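Several structures are given next for inspection.
Presented sequentially are two complexes of subunit A, the first with subunit B as partner and the second with subunit C.
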Partner chain A sequence: MGDEGETPPGSISEDEPQVNQDELILAQQRQIEKEISESIPLVGDLEPISSLNNEYSTDPVYLDKVKDLSTKYQYVRRTRPDGNCFFRAFSYANIERLLEKKEEFSEFYKLAEDSKTALVELGFQQFTVEDFYDTYMEVLKRLRAIEDADEAKKELHTLFNTQGFSDYMVVYLRLLTSGQLQKDKDFYSCFIEGERTVSDFCHQEVEPMYKESDHIHIIAACAALCTGVKVIYMDRGTGKSCNEHDLPEGCTPTVHLLYRPGHYDILYP
Partner chain B sequence: MAGLSPSEVCGIEKATKGVNVLSEGATPGVSVDSDLAEQNLLHWIINMHGAPGTLYEGEVFQLQFKFSNKYPFDSPEVTFVGNNIPIHPHVYSNGHICLSILTDDWSPALSVQSVCLSIVSMLSSCKEKQRPPDNAFYVKTCNKNPKKTKWWYHDDSGLKPTKKT
Partner chain C sequence: MAGSALRRLMAEYKQLTLNPPEGIIAGPINEENFFEWEALITGPEGTCFEGGVFPAKLIFPPDYPLSPPKMQFTCEILCRWQSVYIYFTCSGDDPMGYESSAERWSPVQSVEKILLSVISMLAEPNDESGANVDAAKMWRESREEFNKIAEKIVRRTLGIPT
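Here is the complex of A and B:
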């Protein structure tokens, strides 16, 4: 045994080693993911800022920062930490605010309607983009049809907690973000480390589900949806207050997100 | 799709669209066994011809695609099957392929067609026909499903398939 080509194709030796590390690692990952998905909804209910204290009851650095946060924000809405949190939070919060502004919603709807053609022109395959576009538009259509803003918000919450719809919204925003990066690749290439091209970066870090988001994703997603985000950074850094950044710089942010290392939640003033 | 959320219908629907796209011959050198695909939409065999002007010119390979009900959120399980497994530094003699889009870099917006194109292009860029250096060990120890292997991608040496401790 051992020489290449000697093993007959398709037949895998039955005498597997007693412990296959790969399988153990993957099984553990699946288990963690399962626990997260069973205990944390895709998008949670509104909770008072003080609810954050529960996570940090013995941590003075964070407690000071929660206190600071509570002077600027009233509520937090948690999202499931599955690597899609930025896209899910951003998409949800942006649509939620538009439900109270009919005119802006119509503009947003128009932008969404035209977006598939733009993606196909950028080289995305029509039939793979289509499924996600159709669901994205279906969600927007359902919301548009509801006259009362509060009722529409309830429907938004239901749709974003239905995996089928919610993940489709995430995928489509990932595609729009990838499209934006590739459309302005000269600009964005300055922010990509290493040898990767913008298109490599999109295929490896933007389009796949569960890949976490960085500044570059946020700036491109904002550009794709024609809006801006304020990100409040809460970490173990010194100081009693949280750092904040408007992305893109100088914008008037419409969506507020709380960033704790590795995760985004939605904030409400 | 009354009453169903998109994910419940999409797997099969998207696979069906994929059969049509491939049957129309949109990808040179790649064709789907449509009789087999019609019998079982979640299990396909695709015939792939080595591209002209490459080391694999004149060879025919068979690729097996298996789709789970979570497709397109879960990647398809893709392996070479049959009598002719290409000799390539990223293809094990049991048909497993070390290609990032099949696991880590899979995106729901990828299609069977784009996977086939990536594999044709992986074969075409090969400069020397050889098996991965750890072929013998890997094929003895791996799971039958290549998605249960923790692959290591994007390192400069070109290939470091599995990490076994």
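Here is the complex of A and C:
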């Protein structure tokens, strides 16, 4: 205090070694990620639709839309907003619904079982895919072994909230999505902007963790799991109701997701 | 899931030992700790780095391969120049953080792919995004001088007096 020679806090004199801005940004980003991971579970419990109101108590546009949503859906299950939310939500909701349908579960299991060979044929190196595939199959095996659907759902919830299992499930669905895009690259290339090839796009936007999902990811993920999804869009757009889209178009959706700009949660009719 | 990281690193080590790619040797420094590796990268033929053998260190995070390893050349003289040819940024005491290219990292990448991309960058200096501005300028404007320095670097890595 009062010492004139002292440099005021926060200012950097030119003689000092330069503070690395990138490092600071990374540190701040890590701090934010840490806060999110400490406060929001990977996959949350069921909550009534009205719980969404708490986020928008002073926002009439959103409140109208929540009201509209509550006429069609009973519950919402939140997922952690870490860039993986679509893949985590989709994977969870899809397996969850299959737990009540033994026959469909078996078909899905068979599809999953054969998927590694398909990825390797597409050019993925076996040893890079193996661990994710094994974890994916282990989760499905554990669930298959539980007779009671409610007990199986509890196990699913536990596994999807165990970072190791949950993240490996996300990675594997990312790889299946990438595989689907590359398998049908002639079709998907029309949806990729700029000069990027489908495989560039997969390496940069699909395979890396924490990369957010777009329409194209969703369509390919649906095709990879042979599942249709209904996405309800809730944003500040005009109108009192939410827009909705079935993906792929014309499907009978079995998974319902709520999209708010930048984030996906699971919906339950 | 450090167990998964270890399993994967052992698989990669096995892969690199059974099918070593040309110009690369890599493996754990000490088999007690699979999370620290040393790699030797051979300068690509037909480039100013031909004949050089460049040692580097790789440090793997506990959640590898969800997150990428950090890679750092351990031959000091190269560090001062590497940023020209390798777009990993060169900053302070961490001359070569592979993390700066983390957005290209994905869990299906591998040690082998990182090292191969380092080799191809040595072969094709990327002066557009050179973090070391002086060296990038020298590469563009005074190739002869640049090559002389590169040659010195190569000789140093081989322990030949420069």
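To be clear about the criterion, the second predicted complex is superposed on the first by the 252 of 269 C-alpha atoms of A that agree within 3 Å, B and C clash if a C-alpha of one lies under 4 Å from a C-alpha of the other, contacts with A are read in each partner's own complex, and residues count from 1 in each chain.
Convention: a residue touches a chain if its C-beta (ideal position, glycine included) is under 8 Å from a C-beta of that chain, and two chains touch if they have at least 3 such contacts.
Please read all numbers here as calculations on a predicted model, not as lab measurements.
Asker: Per the overlay, which chain contacts more subunit A residues, subunit B or subunit C?
Answerer: B
Asker: Scan A:I25 for contacts with subunit B and subunit C and give back first, second, both or neither.
Answerer: So A:I25 only meets subunit B here.
Asker: Just subunit B (first), just subunit C (second), both, or neither: which does A:V129 touch?
Answerer: both
Asker: Thinking of the overlay built on chain A, is A:D45 touched by subunit B (first), by subunit C (second), by both, or by neither?
Answerer: Neither partner.
Asker: For A:V171, decide between first (touching subunit B), second (touching subunit C), both and neither.
Answerer: both
Asker: Between subunit B (first) and subunit C (second), which, if any, makes contact with A:E207: first, second, both or neither?
Answerer: both
Asker: Go through subunit A and flag every residue that touches subunit B in one model and subunit C in the other.
Answerer: 17, 20, 22-23, 26, 124-125, 127-129, 131-132, 135, 163-164, 167-168, 171, 174-175, 203-204, 207-209
Asker: If we count contacts the way the header does, which residues on subunit A are in touch with subunit C in the complex?
Answerer: These residues of subunit A touch subunit C: 17, 20, 22-23, 26, 124-125, 127-132, 135, 163-164, 167-168, 171, 174-175, 203-204, 207-209.
Asker: Touching subunit A in the complex: which residues of subunit C?
Answerer: Contacts found on subunit C: 1, 4, 7-8, 11-12, 14-15, 63, 65-66, 89, 91-92, 99-100, 103-110.
Asker: Which stretch or stretches of subunit A touch subunit B in the complex?
Answerer: 1-7, 9-13, 15-17, 20-23, 25-26, 124-125, 127-129, 131-132, 135, 162-165, 167-168, 171, 174-175, 203-204, 207-209
Asker: Enumerate the contact residues on subunit B facing subunit A in the complex.
Answerer: For this pair, the touching residues of subunit B are 4-8, 10, 13-14, 17-18, 21, 72-73, 80-85, 87, 93-95, 100-101, 104-111, 113-114, 130-131, 135-136, 139-144, 148-150, 154, 162-165.
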